[in-house]
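Chains here go by letter, A, B, C, D, E, F, G and H, matching the order in which they are written, and residues are numbered from 1 within each.
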Amino acid sequence: MTKQWVVYLSGEIHSDWRERIQTGAQVADLNVEFVAPITDHAKSDDCGASILGAEDNSFWHDKKASGINAIRTRTAIERADIVVVRFGDQYRQWNAAFDAGYAVAKGKSIITLHEPELNHALKEIDGAANAACQTPEQVVAILGYVMGGG
Amino acid sequence: MTKQWVVYLSGEIHSDWRERIQTGAQVADLNVEFVAPITDHAKSDDCGASILGAEDNSFWHDKKASGINAIRTRTAIERADIVVVRFGDQYRQWNAAFDAGYAVAKGKSIITLHEPELNHALKEIDGAANAACQTPEQVVAILGYVMGGG
Amino acid sequence: MTKQWVVYLSGEIHSDWRERIQTGAQVADLNVEFVAPITDHAKSDDCGASILGAEDNSFWHDKKASGINAIRTRTAIERADIVVVRFGDQYRQWNAAFDAGYAVAKGKSIITLHEPELNHALKEIDGAANAACQTPEQVVAILGYVMGGG
Amino acid sequence: MTKQWVVYLSGEIHSDWRERIQTGAQVADLNVEFVAPITDHAKSDDCGASILGAEDNSFWHDKKASGINAIRTRTAIERADIVVVRFGDQYRQWNAAFDAGYAVAKGKSIITLHEPELNHALKEIDGAANAACQTPEQVVAILGYVMGGG
Amino acid sequence: MTKQWVVYLSGEIHSDWRERIQTGAQVADLNVEFVAPITDHAKSDDCGASILGAEDNSFWHDKKASGINAIRTRTAIERADIVVVRFGDQYRQWNAAFDAGYAVAKGKSIITLHEPELNHALKEIDGAANAACQTPEQVVAILGYVMGGG
Amino acid sequence: MTKQWVVYLSGEIHSDWRERIQTGAQVADLNVEFVAPITDHAKSDDCGASILGAEDNSFWHDKKASGINAIRTRTAIERADIVVVRFGDQYRQWNAAFDAGYAVAKGKSIITLHEPELNHALKEIDGAANAACQTPEQVVAILGYVMGGG
Amino acid sequence: MTKQWVVYLSGEIHSDWRERIQTGAQVADLNVEFVAPITDHAKSDDCGASILGAEDNSFWHDKKASGINAIRTRTAIERADIVVVRFGDQYRQWNAAFDAGYAVAKGKSIITLHEPELNHALKEIDGAANAACQTPEQVVAILGYVMGGG
Amino acid sequence: MTKQWVVYLSGEIHSDWRERIQTGAQVADLNVEFVAPITDHAKSDDCGASILGAEDNSFWHDKKASGINAIRTRTAIERADIVVVRFGDQYRQWNAAFDAGYAVAKGKSIITLHEPELNHALKEIDGAANAACQTPEQVVAILGYVMGGG
């Protein structure tokens, strides 16, 4: 399976897990295109207001942003073979769980990435996933295995 | 639109929001079948182990339960015209966010129900929803409106 | 084909075309459930604000309403075998054209209903329709024909 | 997300909005393939008659044209990641609204482009859109944001 | 499988094959709803002109009729569990072959019904069918078997 | 979830597992319609030849039968909410594994039923299943749980 | 729309219509990949027997061939943007009508190609087509128009 | 049809059938990308444990592996035009039968490959296949025929 795979990296934006996966895949010489949401927190929150005009009400400020971010997210999931969903311990990351549900309904393969402390809270999503990882390196190992020759 | 509608009530299981919606719909004489996950917390957590046998490892204990609960959840979403997703303030309810993503991908209408304090954290899910409510009575009012004559 | 058909009546809300179709179908003893958007103009425009709270900005006033009305519209189209799309001469009725496009993509049969003066402006929608009618009575005649024995 | 995106530009053909978007995307060095309907008004209206033979009846003249134009439109929407729908103030552009409905049902992201005067008349389509723009430059900014790194 | 099955009887309208199947199913007490196109040849040909107005050009006369007949045909195939496609020896019945292709793409089960003389000409359609019958009684026997207990 | 569920019982036909599940569901007063393939082995093998005529070549004898049996199987899976797949120890039951793959691709919930000795050989199918049972009584318990209140 | 289009040429194999379309497209410098069934009549009829072994019974001889030919046909339709369906006057070409029905159900654009003498017999297929042509040159003109700039 | 075809080779991993097909296709200069599951038996069985950690219970050892292997399998089937399913005489290969069912439901073309001794046991899968082969060389011949010019 030498053709390029597309892997969408959904979820937490405050740690270096994406870089560790991307670096690991590069070291392992895997033919992957990684896609991701916009990970600049401020830009992601304010994209609607900065492009389409400011809103007094924070609900509509957020609505404008979420509509635009969804263009990127949905397109990325549609293109992806695999969706990796990362849950950190600081934020609720409901959007990552939403992405996971959306991706499962679209028939995509799912890999979760989180600490074992979150196992119980994430049991439905782990239950729908192909694999539940604790480290980015495990994700890279899975990519290497499924894309490679063994 | 006099035929019965099916409404799936996803999310928080520790408050009386489902009862308030169901009572309100009954008072308003709406022709709705409400469906829901198993809301007995202990039974929901232990259904796998109690039916299929105990597990030492809590991860597999949860896996057995989530597989069985998914039978009910997926069937309910498949049958539903509308999915109401409730987020409380105490738990992360990633499964509710997962249900929302799954339901959106299946083309279902979504209504969220949560306190305004959660607006920012839930902006992607509210962004994909048809309506964001703060009280069960608002949900009932929407059901009455869309099913009725006004 | 004695089972009930579902027919969605989309579009203009300021004339009696729906009543004429429904009365005609009743006279012809056709087994049809007719579904429709909320046709009370004020209620349809204000449903969002009246249920979920007022908005200063008319754009968000409309956004709240359109989200709720879409619950009814999408559910109705999903259930329908046939979508009748009515264009009057006074309003632009872009929502009727939107419904027509949505319904065609979902594989529904389409019947348009409009004056011949609109033929050229509606050529793409007539082109995608199974039949282009000028009177409600023609719509009834088509329903009688396709549901009946001739 | 370095791969090429496909953006379909639907609607008004009597102003330079397409050129402004395309020029803006070029200046911003975005990797987009823009697709569009045939925008030569006369050719678009007469393609059926000129290729397949003239018709006395203008309804059939239009039918022949709309069938052929639909080949291009449907193929373009099918290929598109994003559909931009432009409404001007002079024509009814029901075909643009039809395209929008069709694209939403196919799961495409939608961006509308129109003057605020049309907000109320377009509320259902804006309600289904990811973003509602007033200038072509805003569309370009959204493309730059969702395709880029921020 | 005691619930009602829906069987669409497509094709030839100049022999009594539909009656023989329906009578046979009644004798065998099978719980089937049979659906069919309009089998009154003149009405089927002229439904467009008689409802929507006459056409000088026979091509458009036919176009009006085929659009209306397709409402019935597509709805019937959509509802059907099984599509029986009958080919007689006198006419080309391209519409029956079209129905068969449409039904296969929609995942319906197909039973063909024709004389062995047509085997070679119909090899692609027989190849896509679940069973190729020569008599209406064989069709009834298959219905009795698949619906019953043996 | 008081509406009837449909459960398809696929696989082994030489033991009483179907009866045990059906009796158990009746005792538990579950609102289920059970559907199944024709379980009379001889009739199932010979249905093609007996209805459509004998074949010298056993491959075509089987082909005629499998086409007819597939009408029942596909219709049953299409209607089912849950597919229970039973593997016994005597036969290979590739058709049951085929049904499982077909049902998973159609988004159905899967329950497997087999002895633990077969765990390793069935690991891919168990991996795609919501639950892996060893006794019919466990299947009944799962049905009671997912359909009921706990 | 500068990317390559895929056009499937279905139907009659005893005249030079494919060559005329392909030559015309080449002259017009259109970026099309044309796909087609195997048009060597004897090879197409005998491919099953020659690869998989001879059959005494012509029905099974044909069955073997139609299964193999369907691999090519279905793959080609799946890839195609447009399906051109040619009906000649000598054969019944039910397979072309079957392809047309299959392609319509898959959402492909359809162009028919036949003499006006066949108009009435082909009215259902013409009714589902985007354009009905009488000459290969008209097909080329349509391709040039929908792919080009006008 | 000069573009590359994708062929997934599912099933038996203890004989050289894949090599024979691949070599044959190379000799015939066919433009095919062959994809396959991981065929190193030990690695395939242990991939879950070796990447994600050991399990005492062999059921969960297998569960971890099957989830990861399914990422590769599902992606491969999704990409494939044709799925070749090989059944040997030593193992039950239920996963191959599962792949076949999954692929048929996804609309893929199927070619089976097995000894005639297995004909009766595999009759449902052969019944759903486009061709049933006994040698890898027959598979190559079919690929050459459907991809080539005859």
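Here is the rule we use: a contact is a pair of C-beta atoms (placed from the backbone, for glycine too) under 8 Å apart; a residue touches a chain by one contact, two chains touch by 3 or more.
The shown structure was predicted, so the numbers you read here are calculated from the model rather than taken from an experiment.
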Please determine the option from C-D, C-E or E-G whose contacts repeat those of B-F, over half of the contact pairs being identical by residue number.
C-E
Mind checking the rotation angle between the two copies, chain G and chain H? C-alpha superposition, nearest 5 degrees is fine.
90
Chain E-chain G contact: same residues or different, taking over half shared as same?
same
Based on CA centres, what chain would you say lies at the far end from chain G?
B
Centre to centre, by mean C-alpha position, how many angstrom separate chain A and chain B?
24
Quick one: chain D and chain E, Cα centre-to-centre, how many Å?
40
With centres defined as the mean C-alpha position, give me the chain A-chain F separation in Å.
37
Per-residue overlap in chain H, given as positions that touch at least 2 other chains:
63, 67, 69-70, 132
Looking at the complex, which residues from chain D come into contact with chain C?
58-59, 62-63, 65-67, 69-70, 73, 87, 91-95, 97-106, 116, 119-128, 132
Which residues of chain C touch chain B once you look at their complex with the stated criterion?
33, 35, 38, 40, 43, 47-48, 51-52, 64, 67-72, 74-76, 78-79
In their shared complex, at which residues does chain A touch chain H?
1-3, 5, 81-82, 107, 109, 111, 129-133, 138, 141-142, 145-147, 149-150
